[in-house]
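Please see the structure below; I have some questions.
For reference, chains read A, B, C and D in written order, and residue numbers begin at 1 within each chain.
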Amino acid sequence: MIHADAVAALRDVAALFYAKNWSLGTSSNYSVVLEHDPLRLLVTASGKDKRKLKATDFVIVGTDAKPLEPSAEKPSAETWLHVVLAQLPNVGAVLHTHSVWGTVLTDRIAENGFWIEGFEMLKGLAGVTTHEHRHWVEIFPNTQDIPALARDVQARLQGPNPLQNGFLIRRHGLYTWGRDLDEARRQVEIFEFLFEVIAQRR
Amino acid sequence: MIHADAVAALRDVAALFYAKNWSLGTSSNYSVVLEHDPLRLLVTASGKDKRKLKATDFVIVGTDAKPLEPSAEKPSAETWLHVVLAQLPNVGAVLHTHSVWGTVLTDRIAENGFWIEGFEMLKGLAGVTTHEHRHWVEIFPNTQDIPALARDVQARLQGPNPLQNGFLIRRHGLYTWGRDLDEARRQVEIFEFLFEVIAQRR
Amino acid sequence: MIHADAVAALRDVAALFYAKNWSLGTSSNYSVVLEHDPLRLLVTASGKDKRKLKATDFVIVGTDAKPLEPSAEKPSAETWLHVVLAQLPNVGAVLHTHSVWGTVLTDRIAENGFWIEGFEMLKGLAGVTTHEHRHWVEIFPNTQDIPALARDVQARLQGPNPLQNGFLIRRHGLYTWGRDLDEARRQVEIFEFLFEVIAQRR
Amino acid sequence: MIHADAVAALRDVAALFYAKNWSLGTSSNYSVVLEHDPLRLLVTASGKDKRKLKATDFVIVGTDAKPLEPSAEKPSAETWLHVVLAQLPNVGAVLHTHSVWGTVLTDRIAENGFWIEGFEMLKGLAGVTTHEHRHWVEIFPNTQDIPALARDVQARLQGPNPLQNGFLIRRHGLYTWGRDLDEARRQVEIFEFLFEVIAQRR
């Protein structure tokens, strides 16, 4: 994706997620892959207000999660997770959000994840073609050691039963990724819808 | 209704329902009858983002749920249900939405439907003139076999106690239909209001 | 208030209340006093969409709740209640809304009303100057016999402990009135806030 | 901050908080420090509609909470609390809001406060750098004697374990303060998010 288009698209997503209460209080960070090989990842800078993201509230990082060029902005500590996810095959965008229901669910559920099954909205996740699908949402422990978390996530993206579409961090928020920004955004909406349904259903 | 007007009206409804969280994540599909005999039904194409529906995100289908003209877009699998409903007498529009409360209610209620009774808002459903009305909301099992579901719905639209105004599909969403798009939209609002009331009332 | 200003102000209130989900599905009706003696009351016509009220979606009625001039629009059946309230001293506007929480509360509470006490937001009701105020919210039974309901309301507006600021109709909605439209609108916001608090507090 | 900029920024915040339902019904008041020594504090005038705050809906007060110049507007009774908070070192803005969840929480919790711990969103509070932070939210009894409350708050801002970032008044609302208006606004969003999470979590 071209730099200017990616910036415009992320500013639009940011204002939308702020309005939906998924990115309040300078929380959340988003990224779009500008180039895959070598990786050039456009990511929101640390601590920016998502309601009115400025065109300059971004940095471009490489595989080491560091700015590729000198920049007045610094990438968020969580950029490591974006970098790990952006290197998956066919990933064009990564979105990280903080919602009430994602936080409530991971506070209530003691296990390391939960199944979502039988809801039509599951079909909004890339690769899911029937509501009979059973989707595992893994919950990682929260930590300030993002490189360590990034390694744990990377391990769960490989091997048997790899993570699909997204995961949660406990009392923290959602990560999801997609072929492009539209797909990633759609998945945020799907996950958030399903988190609220599950929290409200009993 | 004229094609261009129907497209404009559906784009407006789509943005509204997206904002109300009833059509998140490319879910939902909507249709307007352009002509009744023979049927020319304008229906949203499969998998489109309802936040900003484009003028080209539609197809026109006939009674076989297939495009009447060659089109770059394909109709949604659920077009069969739209076609069945659009052939009812005096139906000008069909709206299908996916809400949190419709999903929660059909997850909680094991029976094949429920009564709504005694609420003033019932009077917003076409043909209802008093809050003392008792309205049956049928819940159909969810399925990927839409033609079979369409036949079941058609059977319940005929014979004794036919379905009125709308029905739910379990863990999936609402179908409603009206004389025109305004009436159908009004009924979405009425049903969604009542679903939330019923879910919250205990 | 001048006719054109009253129409503009009510259209603005209508769009606001629609957005807040207090006037969905053509529910609700609103009125503004144009002249007190003899009464000329501008009231929303029956069954109009509050999202985009048109300048012509109003009628002017007198003390008999009938249009003062020939009109293409007919006043809502509930105009009788507006007329009764508009004749109170110092009333300039009457607002009737339908919210989820007002409906849920009047469904849960079997008594003919409830006290609200100890909340700072009570001070937003005209005449209340301390949160220690104890406010009675009467619940009238719902009925399609609006003239009879109007007589009951009128009786409760007179005599000892007259109704103050507003009342509810069971499983139906809120009536509130104020010196002017701003005051009435403020009271809708106050009541709706408090209804949600009370419904959520246990 | 320059007067005109502060007015524009507060009008923007007011419209935002109204939309989020944190400042309904002319509730809430906000202030920005124009000058520290001697204090010139721009504060919203009493009883103004936050949806569309006018450029004239403000007064400038000094350390005695009285207008520094003759003004058609009078400062809110709660201006005393703004003055106390604005005199803290490094405070540039004070925001007071009234939300459903803040009201519900302080109605449910009998103690004089509660701990918030383990949530990532805590990092949005100034000075907090890890989700492992344990944050005390004090609940003051509501009162109409604002000078007395201001003295109690002032006492808790000094000495051991002083209040940090914000506090609640029971069945009333939130006060928060920050280096500048952006920081104070961010903290309103953080607190409100966490209040809803805590209220919903059981």
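One rule holds for everything that comes next: a contact is a pair of C-beta atoms (placed from the backbone, for glycine too) under 8 Å apart; a residue touches a chain by one contact, two chains touch by 3 or more.
Because the structure is a prediction, the values reported are computed rather than measured.
Chains that count as touching both chain C and chain D, per the definition above, do not exist in this structure.
Separation of chain A from chain C in touch steps, taking the shortest path, is 2. When every chain is reduced to the mean of its CA atoms, the largest separation from chain A belongs to C.
Homomeric contact chain A/chain B is classed as different-residue, with under half of its interface positions used by both copies.
Superposition angle, chain B onto chain C, using Cα atoms only: 90 degrees, a multiple of 5 between 0 and 180.
Chain A and chain D have CA centres that are 32 Å apart.
Centroid to centroid, with C-alpha atoms defining each point, chain B and chain D lie 45 Å apart.
Those residues of chain B in touch with two or more other chains do not exist in this structure.
If touching chains are joined by edges, the resulting network of the protein chains shown is one closed cycle, each chain touching exactly two neighbours. Inter-chain contacts, as defined above, occur between A-B, A-D, B-C, C-D.
Residues 21, 24-27, 49, 51, 98, 100-101, 103-104, 107-108, 142, 144, 169, 171-173, 199 of chain D touch chain C in their complex.
Interface of chain A with chain B (complex): residues 16, 118-121, 124, 129-132, 182, 186-187, 189-190, 192-193, 196-197, 200-201.
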